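Going by the order they are written in, the chains are A, B, C, D and E; count residues from 1 in each one.
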Amino acid sequence: SGEEPKQSDEGKEPLKKVSVVLDWTPNTNHTGLYVAKEKGYFAEQGLDVEIVKPGEAGADQLVASQKADFGVSYQEGITQARVQGVPLVSLAAVIQHNTSGFASPASKNIKTPKDFEGKVYGGWGSPVEKAVLLSLMKVDKADINKTEIVNTGDTDFFTSVKRDIDFAWIYYAWTGVEAELRGEKLNMVYLTDYSKKLDYYTPVLATSEKMIEKDPETVKAFTHGASKGYQFAIEHPDDAADILIKAEPDLDKELVKKSQQWLAPKYQDDAKRWGEQKLEVWENYASWMDENELLEGKFEAEKAFTNKFIPE
Amino acid sequence: MKFRVIWKKAGAVFLLFGILVIWELAVNWTDTPAWLLPAPSDIFSEAQASYPDFFGHVLSTIYLTLLGFLIGSSVGFLLAVILHILPKIRDTFYPILILSQNVPIIVLAPLLIIWLGFGILPKIIVIGLVCFFPVAIAALDGLKNTSSELKHYLNMMGATKYQLFWKLELPHALPSLFSGLKISATYSVMGAVISEWLGAKTGVGVYMTLASSSFRTDRVFVAIFTIMLLSLLFFFVIVIVERIFTKWHTKGVDKSESKH
Amino acid sequence: MKFRVIWKKAGAVFLLFGILVIWELAVNWTDTPAWLLPAPSDIFSEAQASYPDFFGHVLSTIYLTLLGFLIGSSVGFLLAVILHILPKIRDTFYPILILSQNVPIIVLAPLLIIWLGFGILPKIIVIGLVCFFPVAIAALDGLKNTSSELKHYLNMMGATKYQLFWKLELPHALPSLFSGLKISATYSVMGAVISEWLGAKTGVGVYMTLASSSFRTDRVFVAIFTIMLLSLLFFFVIVIVERIFTKWHTKGVDKSESKH
Amino acid sequence: MKVSIDGVYKSFGHTEVLKDVSLSVNEGEFVTLLGPSGSGKSTLFHLIGGLMTPDKGSIFLNGEQVNGKRGLISYMPQQPSLLPWRTVLDNVLLGQELSQKPEIEKGKDWLRKVGLGDYENSYPSELSGGMKQRVAFIRALLSPQNLMCLDEPFSALDELTRLEMQRWLLSIWEEHRRSILFVTHSIEEALLLSDRIYILSQRPAAVIEEINVPFSRPRKEALPFTDQFVAYKRHIYDVLKHEV
Amino acid sequence: MKVSIDGVYKSFGHTEVLKDVSLSVNEGEFVTLLGPSGSGKSTLFHLIGGLMTPDKGSIFLNGEQVNGKRGLISYMPQQPSLLPWRTVLDNVLLGQELSQKPEIEKGKDWLRKVGLGDYENSYPSELSGGMKQRVAFIRALLSPQNLMCLDEPFSALDELTRLEMQRWLLSIWEEHRRSILFVTHSIEEALLLSDRIYILSQRPAAVIEEINVPFSRPRKEALPFTDQFVAYKRHIYDVLKHEV
C-alpha cells in the first residue's frame, strides 16, 4: 500500500533511513510528506522516510530526544518547548498563515469578537486560550469577563456546540471543511484578522539542534524532499489527496479531497517559497506571550527556526 | 421447558438484539445525526463495506491482545506466587504493584518509545501492565485463603513448600485466579487498543483514531463493536477453561441446586 | 529482631526511597535533560513551589475519586447481589457487564456530554464504570462459592433467601469483595484523572494536561506522584477496613503461622 | 409433631440410596435410626428437611405432605457446620435467629451447662472437635421447631461427656415433648434413649427391622447391665452383622 | 520408631492446654490416649507432628529431639481433611505422594477392602461421613512413616464397620510393627487394641494414669465379655469420671 520504500537507481548508495513523526492523525497538513514519499522525492535525496503516527506520545519529545529524526510541530509548541530547554528547531512552515479561528454555528450569530460577549467558549483549559480571547476581544473593545469559558477536554467541536457551548477554536482546513461537507453553516473569527502577532506558523516541520549539528546533509535532503512534495500538493491538490487516501485508506475520502482543495493555495500563500519563515513572526508571538505572562523564561527567536535548508 | 433452556442459553443474545433494535428505533425517531450516534444498521453496512480493509487491523489487534494477555497474566500469576512464597517481601512489593497501575499511559508512552522504540515491546508492556494486576491481586488473595485444616494436614505430613503449593494452594486458588483472569481478559482488548495509540501501523486502535479524527462515527462504532465482540469471545474462552479446571466444584456438591 | 520488624513495616518505604535515589543518580550521570525525565529532587522542589496552586486541584480530584468510587463500587456490589439472587438473569446480564468495560472513553465521552452536559455527572459515570466492574465480578464469584455444607444447614433450617444472603453468603463473600474493592480503589484515582479529560476546571488531570502541553515535565511528574500517593493511600484505607471486617479470619486459625 | 415417611426412593445418578423406606415418628416420640455407614441415614434427613425431594414417595408432617418444604425441623448435621466468622454464642443462636428473636441468656446458660461457658466469645477455629459438636448440639436444642433431627450428635465426645449430653437431651425432651429422630452408631445409645429403633439395610437402604424398646422411663443408670438390655443389644448386633 | 514426650507444656493465649505431659511409645507398640473432650489430645498430636512447638519440654523420636520437625509421622486428623478437588483414589495416595512414588494398585486394593471400591473416582462431596473417614484412614495406613498418629479414626463408623477397620488396622500393625499412637473416646476400643493406655486429665491435661493392658494377642472376639476386661473397663471409667 505505497508504504514500500522506493529503490534507488542501481549503483547509487543505499537509502538512508530516517523517520518523521506526525503531530496528530494523518491529515492534509501532512500531504506533502506522503507525496514526497510516494513520488520518490525523498528517495531522490537519498532518504528512505518512515512516517510515524504519534499516538498519545506526541512528536516533540521524540524529536528532541532524537528517537525520531523529524517531526511535525507548531510554533506555539516550539516556543514553549525552547523556553523549557527542549532543543527543537523549526525547519519549514507547512502553512504560511495561521488558518485557525473561533468557529460557531451560523445560528449563534457570532461574527466578531464583540459577539463573544454573553456566549460560552469551550476549550481545553489552557491559559493561552484565555489570552488569545482577551487579545481579540480587546481589539473589538469587548469585555472578556462577559464570556464564560468552559473546559470541554477532548470533546470535539461538533459535539460541544450541540450542548452548552457556543463557540470553539478549530482549524478550518479540517473541522471547517467537515462542517461544509455536513452542510452546517459556520461563522469563523480568524485570529489573523484581529492580531498580527497571532499569525504564527502552525504547523511546521521540526528537528532537534543536535540533528542539525551532526547531520545537516540529511536535514537538507529531508527538507528538500518535503518541499517538492508540498509543491506537488499545491499544484495538483486532487492527485495529492489521492496519494494521502491511498496511504491512509481509513481516512474519509471526501473530507481529504475537499480539505486538500481548500488548503492547497494556503501552503505557500504570499511567501516567495514554500516553508519560508520570518523572524518577525517568531518574535511577535513570543512577545505576545510575554505580554500575557505566558512565557516562563527567555526566548531567542533566531535559534528557534532556520530557513537555510529549504530550497531557493 | 424447552423454551426456558433456549432462553437461558441465548438470553444474552436476545437482550443484545433487543438493545440494538431499540437503539435503531430511537435513532430514527429522534433524528439523531449519524455523526453523533449512527444507527446499528448503518454500522453494520459500514462494517460490511470496509471488511476487507478492516480485517487486517483486527488480526493485528488480536495478535497483540493474545500476546499481551498471555505475558501480562503470566507475569501477574508468577508475581503472586513469588510474593506468596516469600511473604517477607510481600509487604514490601505490594505497594509497587499498586503504583504500577497509576502511571498514566500518556506519560509512560513517550518514555517507553524513547527507551524501546516503536516496536512491539512497548505495546506488550502497556497491555501487560493492564492485565497483570487483577490476576496478581486475585491470585494472591486466593493463595492466602486456603483452608487451614487442609494446610495443617499437609504440614504435619511434612509437605515441602513446593508440595504445599502444588497440591493445596494452587488448586484452592484456582477459582480466585480465574476471577482475576476474567477481569484481565475483559481489559486486554481495550489494553491492546490503547497500546496501539503508542504508535502502530495497523490495529483496531489505529483504525479508530483515524476514523474518529476524520469524523467517521460509523467507523468508530465498527471498531467498538469489534472490540466488544473480541473481549466477549475472549472472556468466554476463559470461562470454558475455568469449567474444565474446576470440574470438581460443580460435581456432587450442590445437592440443593435444583431447588433454586 | 527489632530491625526485622522495622524492615517489615517500612520495607516498602525504604524500597521506594531506594528507587528514587537510583533515579536521581541515573538522571545526573546520564545527563538526561529535565524535560525528558526530571530528577526526583527537581520534582519535589517543584511540588513545594506550586503547592498552593496545586492543592486545589488535588482536593477536587480527591472529591471526584471518592464520590466515583463510592457510587461505582456500590453499584457493582448491588449488581452482583441482584445477579446472584436472580440467577436466571445472571447469564443474560453477565455479557453486558463485560461489554461495559469495552466502551472506549473517547467514544462514550461525546455521548455523555450531549446527554448530560459538562457537569459532574458524566465524570462520575466514567469513574463508576471503571470501579464497578472488579467489585461486581469479585463479589459475584465470592457469593457463588459459599461452602455447600453451611448452605445446606441453613437451607434445612428454613433460612429465607434474604437470611441466607445476610447470614452466610455475604460474610463468606467478604474476602472476595475486598479483593475487588482493592482493585477498584487502585483504579479509582486514575479513573478520576481520566474523567477530568471530559472537561473540568480543576483537578490533577487538568493540571497534568496543561503541564504536559507547556513542556513542564517536572509538573507532570508532580501530578503523577500525587496520583500514586492518593491511590496508595486509598488502597490502604481499604486494607484497614478489610482487617476490621474479617478479624475472625486471622484469629486462632493459624496455629502454624509462626513456623513460616 | 407427627412424622411419617411413606415409600420414599432416592438415587444419586445411578446409585440407588433409599429404596422404599417407610417409617414414622409419633407425637413426642424418640425414634432412632441404626444402619451401616453409607446406607442413607443422612440422606433421609436431607429429605425430611426438604433439602432434596424424594424421587418417589411422600413425607408427611402432621398429616400434611411436605416433600421439599424447609424450615420445619430443628437439625443437627453430621458435621458441626459452624459459621467460622461467628463467635460460639452467635453460632448457638443461629437456629433461633432464623425464625424468632434469639434468646441470648438461654444460649449462654446452655453453653455453661455443657462446659463451654468460657468459650462464648471464641471462634469455632479455637475449639476442639468435641467442643464444636457440643456447640452444634446446643444450636439444635435451641432451635424452636417441634421435630428434632440429630445426626450422630455425640460421636466425637468421650463417654462421660456423652452421658451428660444424653441426660440433657432427655431432660429437654421430657420437658417439652418434642419428637426426636436420632441417628447413632452406638447400639447402646440407641437402646438407652429411644422408644423405637429402625434398623436400615446396606445401601440401597430399606427398613429391615423395627424394634420397640420396652424399658421404662426414666432409665436407670444400671440398665445397660441388665440381661434384657444385653439381649436386645446382641439381637440388634446380629441383625446388623447379617447386613454388613 | 520410639517416641518419648518429656515434660511438654502448651498454652493458647491464656488457656493452658498441656501441663507437664510426659509419655512414651516403644518400638512397635500400640498406645492409646484417653481423655475428656477438649483436654488436649489433638493438640498433643499437633506437637508431635511439628505443626506447633511446645512452650516447654521436648519430643524425642528415636532419641533425637524433633520439636517442630515435620513429616515424621503418618497422621490421620480428627476431621477427614480430604482435598475436595481430588478423587477418592487421589486423596488416598496423597500421603505417599509427599515422600515417594504413589502405589496406585495398593490404593485401589485398600479402597476395595474397606468397601469403597465403587468410589475410586468419586469426589469427597459425594461420600457419607463414615465413608470420608475411611478414606482418611486408608490415606494414613498407606503413608510410609513408621509412627502412626490416629485421632479418633473410627468415630463416625457403625460398630460392625468399626470392628472390621480395627481388624485391618491390627493386621497391618502386626505385619509391619509400626508404632501407633491412638486417640479414641471408646474405652472398649482402647482396651481391645492397645498395649498401653494413658489417661489424660481435664484441661490443662496431664497424664493421670498409665495402664498396661494385660490381654494376650491376638485378642479373642469374646474378650469384651470376660470379667477381667469388664473390670479394667470399669476402672478406667471411674478414673475418667473422677476427672470430668
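Throughout what follows, a contact is a pair of C-beta atoms (placed from the backbone, for glycine too) under 8 Å apart; a residue touches a chain by one contact, two chains touch by 3 or more.
None of these values were measured; they are calculated from a predicted model.
K.L.:
Work out which chains are contact partners of both chain A and chain B.
P.N.:
Neighbours common to chain A and chain B are C.
K.L.:
Among the chain pairs here, which one is joined by the most contacts?
P.N.:
B-C
K.L.:
Could you tell me which chain lies farthest from chain E when each chain's centre is the average position of its Cα atoms?
P.N.:
A
K.L.:
Tell me whether chain D and chain E, two copies of the same sequence, contact each other through the same residue numbers or different ones, using over half shared as the line for same.
P.N.:
same
K.L.:
Could you tell me the distance, in whole angstrom, between the mean C-alpha positions of chain C and chain E?
P.N.:
A distance of 50 Å separates the two centres.
K.L.:
Report, in whole Å, the distance between the mean C-alpha point of chain D and the mean C-alpha point of chain E.
P.N.:
Distance between chain centres, rounded to whole Å: 27 Å.
K.L.:
Please tell me the distance, in whole Å, between the geometric centres of chain A and chain D computed from their C-alpha atoms.
P.N.:
Here the centre of chain D sits 86 Å away from the centre of chain A.
K.L.:
Spell out, as numbers or ranges, the residues of chain A touching 2 or more other chains.
P.N.:
61, 65, 156, 159, 162
K.L.:
Pull out every residue in chain D that's touching 2 or more other chains.
P.N.:
12, 46, 51, 79, 125-126 - these are the residues of chain D that touch more than one other chain.
K.L.:
Please list all residues of chain C that touch 2 or more other chains.
P.N.:
36, 106, 110, 114, 148, 152, 155, 249, 252-253, 255-256, 259
K.L.:
For chain C, which residues count as touching chain B in their complex?
P.N.:
Residue list for chain C touching chain B: 8-9, 11-12, 14-16, 36-37, 87-89, 91-96, 98-99, 101-104, 106-107, 110-111, 114, 133-134, 137-138, 141, 145, 148, 151-152, 155, 175-176, 179, 182-183, 186-187, 189-190, 193, 208, 212, 220-221, 224, 227-228, 231-232, 235, 249, 253-256, 259-260.
K.L.:
Which residues of chain D touch chain C in their complex?
P.N.:
45-46, 49-51, 70-75, 77, 79, 81, 83-86, 94-95, 97-99, 122-123, 125-126, 143
K.L.:
Going by the contact rule at the top, pick out the chain B residues touching chain E in the complex.
P.N.:
Residues of chain B touching chain E: 149-150, 152-159, 163, 167-168, 171-172, 174, 246, 248-249, 251-253.
K.L.:
For the complex, which residues does chain D have touching chain E?
P.N.:
For this pair, the touching residues of chain D are 12, 34-38, 42-43, 78-79, 115, 126-131, 134, 152, 155-162, 164, 185-187, 237, 240-241, 244.
K.L.:
Mind pulling up the chain C residues that touch chain A in the complex?
P.N.:
Touching chain A from chain C are residues 33-36, 106, 109-110, 113-114, 117-118, 196-201, 206, 209-210, 213-217.
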